[in-house]
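Shared chain: subunit A. Partners: subunit B in the first complex, subunit C in the second.
Up next is the complex of A and B:
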């Protein structure tokens, strides 16, 4: 049996920690345990999940003080003692473990997260697999939108207009992508007081990213690219190995 | 209830579901200049498409110049055991390449050939390497690209909103009613046209690769609104799902593992697939290990390995091996890629499989085989649609993607799903927009229909007796798993229908505690309606079709029967009951028929 201390709250109620005892075997995940609570003890316990296997990024939460994906976190990996579960930080609460993801969406919108194809571009521009451009984009592109990095970032709490790690990481993949035609507008935003300068390089985002991405590195690369651009050095060079 | 003011939104077109088909439909409709609302029950970007791994089938001809739409069409029809709607299969094969290139123009980045073109991978049932892919995370790239593109276009998105009924004015659909998951409040969408893009029904089974969303909502909404469903007996059990540990049982192991060199073995270490090559595929399948091994290196001069037979064949073979006592310790078989491929190759080509097994099962697939077994994956059946326009048999109601029937016949080939979403998502969006532009008269919503839907939604809170919804859901899944599974027979199917009646009676009394704000127990209770409906449709259609074909295997009618090859089983609602009938398939024109005579 494992004891879960779960954060509970609903509008109009006081927040509280409810304890549940759950049957656990070697492979039981935090998600399994929470779903068991929902099915057998309290069907009102609110949480999000969808794919059960680390693809959709729905079940991010703070487990034992750290952002994790519930579906890929085995209870056994957390060591002995009760397991505390609470919702992500820096998002408005909706109920229990469910938060309002609007800030995540808005921050992406603020950096222009869609590729803007150049009007006169070739219909089909090739970025070779072996190119530094492609390698850098590949390293940064597998974001599943779970929101853990926003929860872990101290600067997100400090400045509401700071796009935060996920959106800046996305911006990097687009600034690095020669097919995109909105680089100029995005630079104007990125170089404003509330964007690139706000990151203090603590690397909390990179620590918690379940996909092993490094928004920290993407932000550093954006700064390098910006400096090169300002001093008139043309195309950015590969960041890896430097 | 009568005087409650409902939140009302009005659009020319609403799209229900925001996976690949829904997003593509919404993008197309918006491009036609009509106002579009996109309604989805998860957060945007979390739809089931995000889990798609292997790739998008499209005859780009980048790896094999010999490939073209005719070959893709032929593979698709043969994979579906010729029960496909030929026109859908034709449009799909013809338009898929353009849909893939369009994704790149919108920002997607597919893996590359050495000369910089989109790389294509081998998959079961496809004659040539045909699947455009991004590692084994193709769905993520596809959904992200569509999502950013759609948001950039200014789509109105209504997230975490579940639709429970369609609204009708006379014989046409004019909107939908549902509830916000967050607040539990009722919401009404008035629309000239409604596109269903709700995906599948896998959550009616216990072992499934499907996410929680796959409760058959669209299938049920269409049926209740008077539309026909076809082919509901055809449910695809993907041959390779995880079997261990229990909490991830059913989670998909991509066919890409076999496409990239993985082979299936039983507990004796034997590559058993050579024992299960059906007559239909003998000409193109290697009948010995030496030739199959050579095929990986020289595809021109050797026939392909039977590990890559269509999914129905492989699933049945695994099922037989396990039944014969030659299974793996946890009731599956072994899938081995580590003996053929080096660790680097596996990690590069199949990164999510590598991490999935490592983290969840403690298995390092670069060093040891996986244990896999069949898992409920996809429903071929769905809303009967016009091939060109994606319109259902009810005016103003369109359907695209998994919720639509006909495209895949009795069995879908891997990779044909993502291309289906794009091709028919676009078509549904286009024709729904055109329909909305031609919409005559005023858009009238009948408040009595809204109020009835609202009463049904809230009823579980008002009951005092009754059960917890999870108990009913779980019994339903057990019933379908045991009695409407891979291998079926008349007695089991009749028993299933009897049990479904009992479950319906229990569901009518289901009770929910707490309040309406983000209450998962309540959401589960409301899902039971559609789950039970699709379960019944599937069991009834399976009882009706007295032959074995594709995703429908009857041990009491083990052979494929030509007379059944000419009909679809159609289900529709008549006087409140689900009725089953047989109706002739559309006749394939001679020029397409000729494609099947030219070469075996």
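Up next is the complex of A and C:
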């Protein structure tokens, strides 16, 4: 039997930690255990999940103090003792383990996270997958939007205007994309007081990313690009608004 | 009137808040704490530069602060981020080694 200490809260109620005991075998995941609790012990427990196989990121939560996806975290890997389960930090709570992901989308919007195609840019696949240009962003384009990095980032807690790791990672991929026409406007935002200078390089986002992405590296690369741009060494790109 | 949304934050005053704190966070935190302590120790050193304890603290804190700064600098200059834990351990190890070497072999 494994004991789960689960964070419970609903609007109008006081938050509390509720303990549940669940049967566990070697491969039982945190998500398996939570679903078992919901089905067999407490149908009022709210949690979010979708694919159950580590693809969608919906089941992101804080397990034993670290952001993890519940469906890929085996109870056996967490060691002895009770397992603490809490919702992601820095997101508005909806109920129990379910958070409102709106801030994640808003922070993306704040960095201009949509491609702004240059007028004459070819519409599709103009960057060969084997090119150096693609290799530069290969590690950064696989974000599944789970929000774990935002939860793990301490600067997100202290500066509401800080875009956070995921949005800055996205901005990096666009600043390296020669089809994009919004580089200039994005640089103005990135070099403002609340964006690139705010990251302290703690690497918490990189440590928790379930896809193995490194937003910290993207931020460091953006800073390197900014310095090169300031001293007039920026590599020429076909994108607009350099 | 809508209620202010309930947003959880890591509670630094609780054991749960510190649970799972990763190496990069410790590196950042130790460097900042060393910086603040350096101010205090430098002031104490100026008052009386011959106190052994203050000398030891000054050396230890300066080494910690400087070597963790070098770690951050190396990462900023493009060293692969996957090395950040190893660099953290190396910085701590190097600080301890230099401290012991200097403190053992004092020439004055």
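Definition applied: the second predicted complex is superposed on the first by the 230 of 242 C-alpha atoms of A that agree within 3 Å, B and C clash if a C-alpha of one lies under 4 Å from a C-alpha of the other, contacts with A are read in each partner's own complex, and residues count from 1 in each chain.
One rule holds in what follows: a contact is a pair of C-beta atoms (placed from the backbone, for glycine too) under 8 Å apart; a residue touches a chain by one contact, two chains touch by 3 or more.
Just so it is clear, the model here is predicted, and its values are computed rather than measured.
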First, second, both or neither for A:220, with subunit B first and subunit C second: second
Dominant contact partner of subunit A by residue count, subunit C or subunit B: B
Subunit B versus subunit C as contact partner of A:11, first or second or both or neither: both
First (subunit B), second (subunit C), both or neither touched by A:188: neither
First, second, both or neither for A:200, with subunit B first and subunit C second: second
Touched partner set for A:135, first subunit B, second subunit C, both or neither: neither
Partner chain(s) touched by A:127 [first = subunit B, second = subunit C, both, neither]: first
Doubly contacted residues of subunit A, that is, touched by subunit B and again by subunit C: 11, 100
Touching residues (chain side subunit A, partner subunit C) in the complex: 7, 9, 11, 15, 64-66, 84, 86-93, 100, 154, 157, 200-204, 206-208, 214, 216-217, 220, 223-224
Complex contact set, residues of subunit A against subunit B: 10-11, 25-29, 31-32, 38-40, 43-58, 72, 74, 94-96, 98, 100-101, 105, 108-109, 113-117, 123-124, 126-129, 134, 137-138, 141-145, 174, 177, 179-180
In the complex, subunit B residues that touch subunit A: 42-46, 48, 50-51, 101, 104-107, 109, 111-112, 114, 116-117, 137, 139-141, 144-145, 148-149, 151-152, 182, 211-213, 245-248, 251, 352, 355-356, 359-362, 468-470, 474, 512-515, 517-521, 524
Residue numbers on subunit C that touch subunit A, as the complex places them: 3, 5-10, 16-25, 27-28, 72, 75-76, 78, 81, 84
